[in-house]
Amino acid sequence: MDEASLKKLLKRVAGRHTSISDALAELKDLPFAELGFATVDTHRALRLGFPEVILGQWKTAEHCRGIAQRLAQTGLPVLVTRLQPDKAAVLTEAFPKGVWHPTARIFVVPGRRKLRSGKITVVCAGTSDLPVAEEAAITAETMGATVTRVTDVGVAGIHRLLKRRHDITSADAVVAVAGMEGALASAVGGLAPCPVIAVPTSVGYGASFEGVAALLAMLSACSSNVSVVNIDNGFGAGFQAALISRRRR
Amino acid sequence: MDEASLKKLLKRVAGRHTSISDALAELKDLPFAELGFATVDTHRALRLGFPEVILGQWKTAEHCRGIAQRLAQTGLPVLVTRLQPDKAAVLTEAFPKGVWHPTARIFVVPGRRKLRSGKITVVCAGTSDLPVAEEAAITAETMGATVTRVTDVGVAGIHRLLKRRHDITSADAVVAVAGMEGALASAVGGLAPCPVIAVPTSVGYGASFEGVAALLAMLSACSSNVSVVNIDNGFGAGFQAALISRRRR
Amino acid sequence: MDEASLKKLLKRVAGRHTSISDALAELKDLPFAELGFATVDTHRALRLGFPEVILGQWKTAEHCRGIAQRLAQTGLPVLVTRLQPDKAAVLTEAFPKGVWHPTARIFVVPGRRKLRSGKITVVCAGTSDLPVAEEAAITAETMGATVTRVTDVGVAGIHRLLKRRHDITSADAVVAVAGMEGALASAVGGLAPCPVIAVPTSVGYGASFEGVAALLAMLSACSSNVSVVNIDNGFGAGFQAALISRRRR
Amino acid sequence: MDEASLKKLLKRVAGRHTSISDALAELKDLPFAELGFATVDTHRALRLGFPEVILGQWKTAEHCRGIAQRLAQTGLPVLVTRLQPDKAAVLTEAFPKGVWHPTARIFVVPGRRKLRSGKITVVCAGTSDLPVAEEAAITAETMGATVTRVTDVGVAGIHRLLKRRHDITSADAVVAVAGMEGALASAVGGLAPCPVIAVPTSVGYGASFEGVAALLAMLSACSSNVSVVNIDNGFGAGFQAALISRRRR
Amino acid sequence: MDEASLKKLLKRVAGRHTSISDALAELKDLPFAELGFATVDTHRALRLGFPEVILGQWKTAEHCRGIAQRLAQTGLPVLVTRLQPDKAAVLTEAFPKGVWHPTARIFVVPGRRKLRSGKITVVCAGTSDLPVAEEAAITAETMGATVTRVTDVGVAGIHRLLKRRHDITSADAVVAVAGMEGALASAVGGLAPCPVIAVPTSVGYGASFEGVAALLAMLSACSSNVSVVNIDNGFGAGFQAALISRRRR
Amino acid sequence: MDEASLKKLLKRVAGRHTSISDALAELKDLPFAELGFATVDTHRALRLGFPEVILGQWKTAEHCRGIAQRLAQTGLPVLVTRLQPDKAAVLTEAFPKGVWHPTARIFVVPGRRKLRSGKITVVCAGTSDLPVAEEAAITAETMGATVTRVTDVGVAGIHRLLKRRHDITSADAVVAVAGMEGALASAVGGLAPCPVIAVPTSVGYGASFEGVAALLAMLSACSSNVSVVNIDNGFGAGFQAALISRRRR
Amino acid sequence: MDEASLKKLLKRVAGRHTSISDALAELKDLPFAELGFATVDTHRALRLGFPEVILGQWKTAEHCRGIAQRLAQTGLPVLVTRLQPDKAAVLTEAFPKGVWHPTARIFVVPGRRKLRSGKITVVCAGTSDLPVAEEAAITAETMGATVTRVTDVGVAGIHRLLKRRHDITSADAVVAVAGMEGALASAVGGLAPCPVIAVPTSVGYGASFEGVAALLAMLSACSSNVSVVNIDNGFGAGFQAALISRRRR
Amino acid sequence: MDEASLKKLLKRVAGRHTSISDALAELKDLPFAELGFATVDTHRALRLGFPEVILGQWKTAEHCRGIAQRLAQTGLPVLVTRLQPDKAAVLTEAFPKGVWHPTARIFVVPGRRKLRSGKITVVCAGTSDLPVAEEAAITAETMGATVTRVTDVGVAGIHRLLKRRHDITSADAVVAVAGMEGALASAVGGLAPCPVIAVPTSVGYGASFEGVAALLAMLSACSSNVSVVNIDNGFGAGFQAALISRRRR
């Protein structure tokens, strides 16, 4: 619809040759973006209750605080991820209600109302994978999920994983966190009746190539219910698991 | 050993027909899996209504037919993926009710009862990505999902994608299929309020390295709701999207 | 602008409380896309005189012909690239005015009016790079450029390149095509006072890794005026060179 | 040896003030470049008004200052790129008219006369890409371009980019800067009627492999008007965009 | 549930002190692992006399000490590998009988009884490979092996290796440690009548890519008796060599 | 120079038929290998009972037959690996006692006396891994091992593996064969009290990169008793497992 | 323009038979290369007696014949490398004196006079490396070298190499050809008192990655006298070895 | 066993003081290397006048000093390469005649007699490549070569290289040092009538991947007279160039 035809439409409205509802319909079908499109992002967050997230690693403490203050005004929870302790101290001062999770390296500013998701289980292969696993767990909890943590259940001692099988089969979504050979994703995928989000971690040395071995293994996992996020991306995995689990209600 | 035979054993002990040490030996040697564990796979499929899948590419037609016949006895639908036309002909003959989807390269033997999932949208960047997109779509449909197909909406003509925005925002889960630079996943992830399963395809040449460029791009996508499956793994993406969508009911 | 406020505006127009020109202004400033955005692609091509392109390699002859017939209706030239001879025969029959360039592997359907660009020089390192160089040259010529071809001037015999220096210094844009070690791009970049588009080719063996050696070398070239396109992407380089050269008029 | 001195030599031969064998020796030993070739670099810079550039990163402050002083004598602007703050302090002292751009990490010594280029738009995906984007912008501005900056318009929120569409369609050349999945280049390429220089940045983690994911994605971008420079090479992109834009005048 | 308690349960059933359905419930809910499986790890270690190992590199000194104290209770030797000197000091204080091997970076808490393995020869190519070679040697010695060390016998001076041929031919298993081009594995493999465990090290620069050159070379070694462990994994190689050598007794 | 001729020389010296300086010269020029060294290979094979192996893949049928005939004269078994069926036909004709194993792609010429090794278990993840697994099994059997085959026990259905646990715990050495994500090696390593030789296979697609994903995963496996051979190297794994198992007797 | 004609021009100037401005024009327009530079290639070949080479692999038989006929006119030998048998037949007909070396895949047109180089030894690891080794040997022989061939002396049987030690120590230059793990280069480098040119071959499978393992190993070889050429580049190695050996005369 | 003791043994046999069987045993058990082989390394160095080299980078100052003192006793020059300044201070104190070359990072202990090689030219592309170029130059000079240094002649300003053409054509061997795109090797190879040793350096950023771009480019260089050493291996290149040049005398 170009300017001319738009003018013509308005003239027809002004001249009462076209009813308001007809004009409205015509305009409503107008290519998508025009009806408030630019604010969709915010709307989506508000409507769905997504927490807002700030990647803290490469930002200054002041930068983190400033963005967090602006985002907190939406009333939604705010997550600052991959945050260093000294910056966390700055945020702790600025947000008295905020909580600092040192293992997960996340600072959470709680939202005004409680979000609600389903049941998530976060499984990790070794204690070195804990920071990434906790990042996933805290993210999911902030989105309202009930999170069960299953740690140190690497495939080399498969019985440790099998003992916790119930925690895997009863979840709405499972996050599987592993470095080194990343075999956990395959094993968990085979046990879980729900979607599994696999997170390769950079834990390992030599031929694990900072997470590449685990990444390739997880992408090649033969369990049909496994999808993968970036190396060390605990936040993304927790976010998606919570998103999936919320679907259930 | 199922519950019945376990009960029988205990009765024999109680009735002194079996000595304690004999019973002990029988129980001790009992492969643990026999206590219900070993049949989990089948049970899970039956209870959840998962279709069974056979990767047809490297198997002979006879092999495909044989496995398919065995799996079809469960009453669940059977998918034979990555199937060549000549093998499909063999299956068509063996399964009069089976359907051959040439673009998706899938042969589907319908199950005895209709499965039910939610609403899936499968988006793909170019016409060359269609086989992978169709593999995802047919898989999801076989699992009972209602699938909307959005094709040829590459990011280089972003308005084509935006015109179909409603199809993305109204789905329970979205599958985003793209080769070359794989940018579609980021754009779709930004529009979708639901989980997005991204599938890199091997479409492209030179520096797209048979899907590696798209794979890395999708793993690095900044949208928090995107997870990734293996290159060209349309089946996995459709399977997971259907699994997620079913959560909603 | 949501539906409610749109309705309100229309009511004000209908009630003559808002003049048509005021309403028009309000609607015109409305986020961008609405005034014909969906057709921008076509508009852009028409206004700028871009030829339309079809990647023929993985399409059937019928598919190529069908798309070409539709695109030819715009009156712009149509390029079908990476075309095999047998498909070219089908197109030759369908488009009596079409021209088949076997080395460049391009079929060109001429447009209704002549396009005009500037002066392009296409330089290539060896005779094996000719198909890619010709793809660039034909593309640029189809866009109206005057193309000078400089072939077989690899850096190992630098004097051959220097003899053709004038052809490089007098162009509006230069396309440098080379496989193996791709050193040509650096040498040409040092001679040219204009932008240089470098095209790595997959010519070479062993450690040239199907064009990767040339690609990395070209990206690492120290000449400030060199940018790079995908391996073997002669079309893209010719297109961009013509685009740059047209700027001059 | 320029034309004048060559003339002088011939005159001395004609006037018998120089023997033929002496003249022969002088001409024979003459490095061919002396016939105008060897000074091409300087000439080109002078005639075209290119700024001179020093890669500061691995040089000492004294080294940078020394080279800059020598180059500044040409009257052209001098750029010292990738400069650390402490070295910038040394240059600030040495060049009172020099300007230090801390984000772009560039020190600029202005030239004696104002250069003139066209309109450049520098688009970047996230705030972390700003140093590279600013490097491009300052470079282009030093070459006389009018630069519009569009920041934080990643593809995950595509509407942010679309709102700035006019800035893209009205430029003579666009620089698209992005890390992570580098999808911005494809989207910008689809909107721009002019050449787009894409700069992958090393921003990202895990599978973005220090810019490799963005690099491969940009090289694989399907927009025909996109070419690519090295990872984090903001200077090269700004230089080429200014070069292209100048063509227009 | 160990054998004793299982026996007790059966007795109660036989004695009618427990009803069949109660026993059934107890057995059915029994986590399968309790039937001896869950303790396999410990049992295996105890029965076979494996030392226990802690990867010390990324753990705190306190963490290392705590785990070591718990493991030491099994009476088996405990190895803490990749340990930094400052952490070793903490362990030295905690374990008066412990021994710190600074080159091998291993801290060993001796077990209560002496283990017994066979004859191992650890060969290394250069002095820079010594830490990895010592890690292998100390590990094997802790497992009761008699270890012969052959150092600095790189293939570039093949006679040095040949002089020590007897040490290679008389061993039960050989560990071959080499960085750079890793050729030692092939040469040793050709001399040894026993299994050879090859360990690539990260020693080298440039195209040795932190051990990748040696790793690929060792995997490609044409000697049929060579298998490979991860880059710098001296512990794994020593462990396996000792395991193999014990087979002999 | 064999022992006999050395003795003869010494006798001539003792008998003064050869001067000391002549004997000295003769001994000094003596190629060292002649003192028994050069025949070590053959000796080793004879003494230890190694079968001889020919890599048939790139050799002509005639070449294979010729070498096999020469090697068969040692009385040891001869293995021709990676043999195509048409070449196998040629060998079958030439060696009436030879056996062609089509799945393993091995032709075996039995030796004159029976070799003796221990108990090997060959485990493989999927039916597509069978050719490599069979190559390992046939190799080990030819070396006298008793081989148990455990097939189709991928980690995605971990219970299938656990059911066969006894076969793993009772072996002298285990060969674990898996493509795709290669997780089987970790799981088997955790169950086995003996050395495990892991064989990555090229089975898989996309991000499994022709066996690289499995290779990296196996090298990164956290089980201390796992070492790895080249992709698809079933022969090497079977050879080493048999070598290890023989140690036990 | 050679010295003679330059002298003539100056004489004409001195004799006033040519005006200064005419002489200036002649000199100024003189393509620098004409001062002897442009013919350097040919001159160098003629003076040094280099054979000319044509890479036949991707050229048509007619193309090969045409170029060879032109090059043969120089009187120097002509090598057509990587030639397929059917093209060789065409050349055999065209050049009655030409010789076809099927293993080396080289067709040689002998030159008019005999070239002379020194002593070269070409060592190769296995019979599969023979084509590349022969390519090196034939090339060196064509350049006049006396070539000793040492084949099948892989490092896994190091004594086979040591037996041929004299052939290595007595050469002017050694070419070491090996695929798989490429260890031969290190061993030969350690024995040779002369420069060693190492040629990795694409022989091998799996982790030898088409010659990459050997290439990296050879580049990482610790022998100071080893340099490397491209994978399978027998021609280059033979050429350089002959060049080095000629130095000696 | 050296010649003297061998003589003594033969005398005892001749004098009947040793029985033939005893002598036989003594000779048979003789490690072959003792017949002159084991000392080949030292002999070769002494006879050919090779300097001895110590890679200083990862050794302690004390370690460097100790080895250097032992090697200096041979009377040959000793090179300690890749040495840090603080360790150089220790060596300077220990070797009053030693010379520390800070740019080349080499410490040279002069030998007792002057070595003699030919003419070497070391060419490098940029000032950042100087440390590696100097390492090559100092190494060659220590071996007695006369070295001409040509610096800062990158291919982007090809005339700078051409001006120094004489230095390239008059050398016995050329070392070409370049980072980034490594094109210098191709250009120098085309100019030089002698062998060229190319050294890729780790200079560059982004897609130059720490020298990989230059390495691949140099391996793919089409000049037949170019061979390549490891990234940053200036020592190796200088060593080989000197070795080649010495051939000439």
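Letters A, B, C, D, E, F, G and H mark the chains as written, and numbering starts fresh at 1 in each.
By definition in this document, a contact is a pair of C-beta atoms (placed from the backbone, for glycine too) under 8 Å apart; a residue touches a chain by one contact, two chains touch by 3 or more.
Please read these numbers as outputs of a predicted model, since none were measured by experiment.
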item	value
Chains contacting each of chain C and chain E, listed by label	A, B, G, H
Pair with more cross-chain C-beta pairs in contact, given F-H and A-D	F-H
Cα superposition of chain E on its sequence copy chain H - rotation in ° rounded to nearest 5	90
Most distant chain from chain D, judged by the mean position of its C-alpha atoms	F
Chain centre separation (chain G, chain H; CA means) in Å	24
For chain D paired with chain H, centre-to-centre distance based on mean C-alpha positions, whole Å	39
Sequence positions of chain D contacting 2 or more other chains	32-33, 37, 40-41, 157, 159, 162-163, 190-191, 206-208, 215, 219-220, 230-231
Pairs of chains in contact (touch as defined earlier), listed by label	A-B, A-C, A-D, A-E, A-F, B-C, B-D, B-E, B-F, C-D, C-G, C-H, D-G, D-H, E-F, E-G, E-H, F-G, F-H, G-H
Of all residues in chain A, those that touch chain E in their complex	127-128, 157, 159-160, 162-163, 203, 205-208
Chain A residues touching chain C - in the complex, by the definition given at the top	1-3, 6-7, 10-11, 13-14, 16, 20, 23-24, 27-28, 30-38
Interfacial residue positions of chain B with respect to chain D in the complex	126, 154-158, 161-162, 180-183, 185-187, 189-191, 204, 206-209, 212-223
Residues of chain C that touch chain B when the two form their complex	33, 37-38, 40-41, 58-59, 200, 202, 211, 215, 230-233
Interface residues, chain B side, partner chain A - complex	40-41, 44, 47-48, 53, 159, 162-163, 165-166, 172, 190-191, 193-195, 197, 215, 219-220, 224-231, 235-237, 239-240, 243-245, 247-248
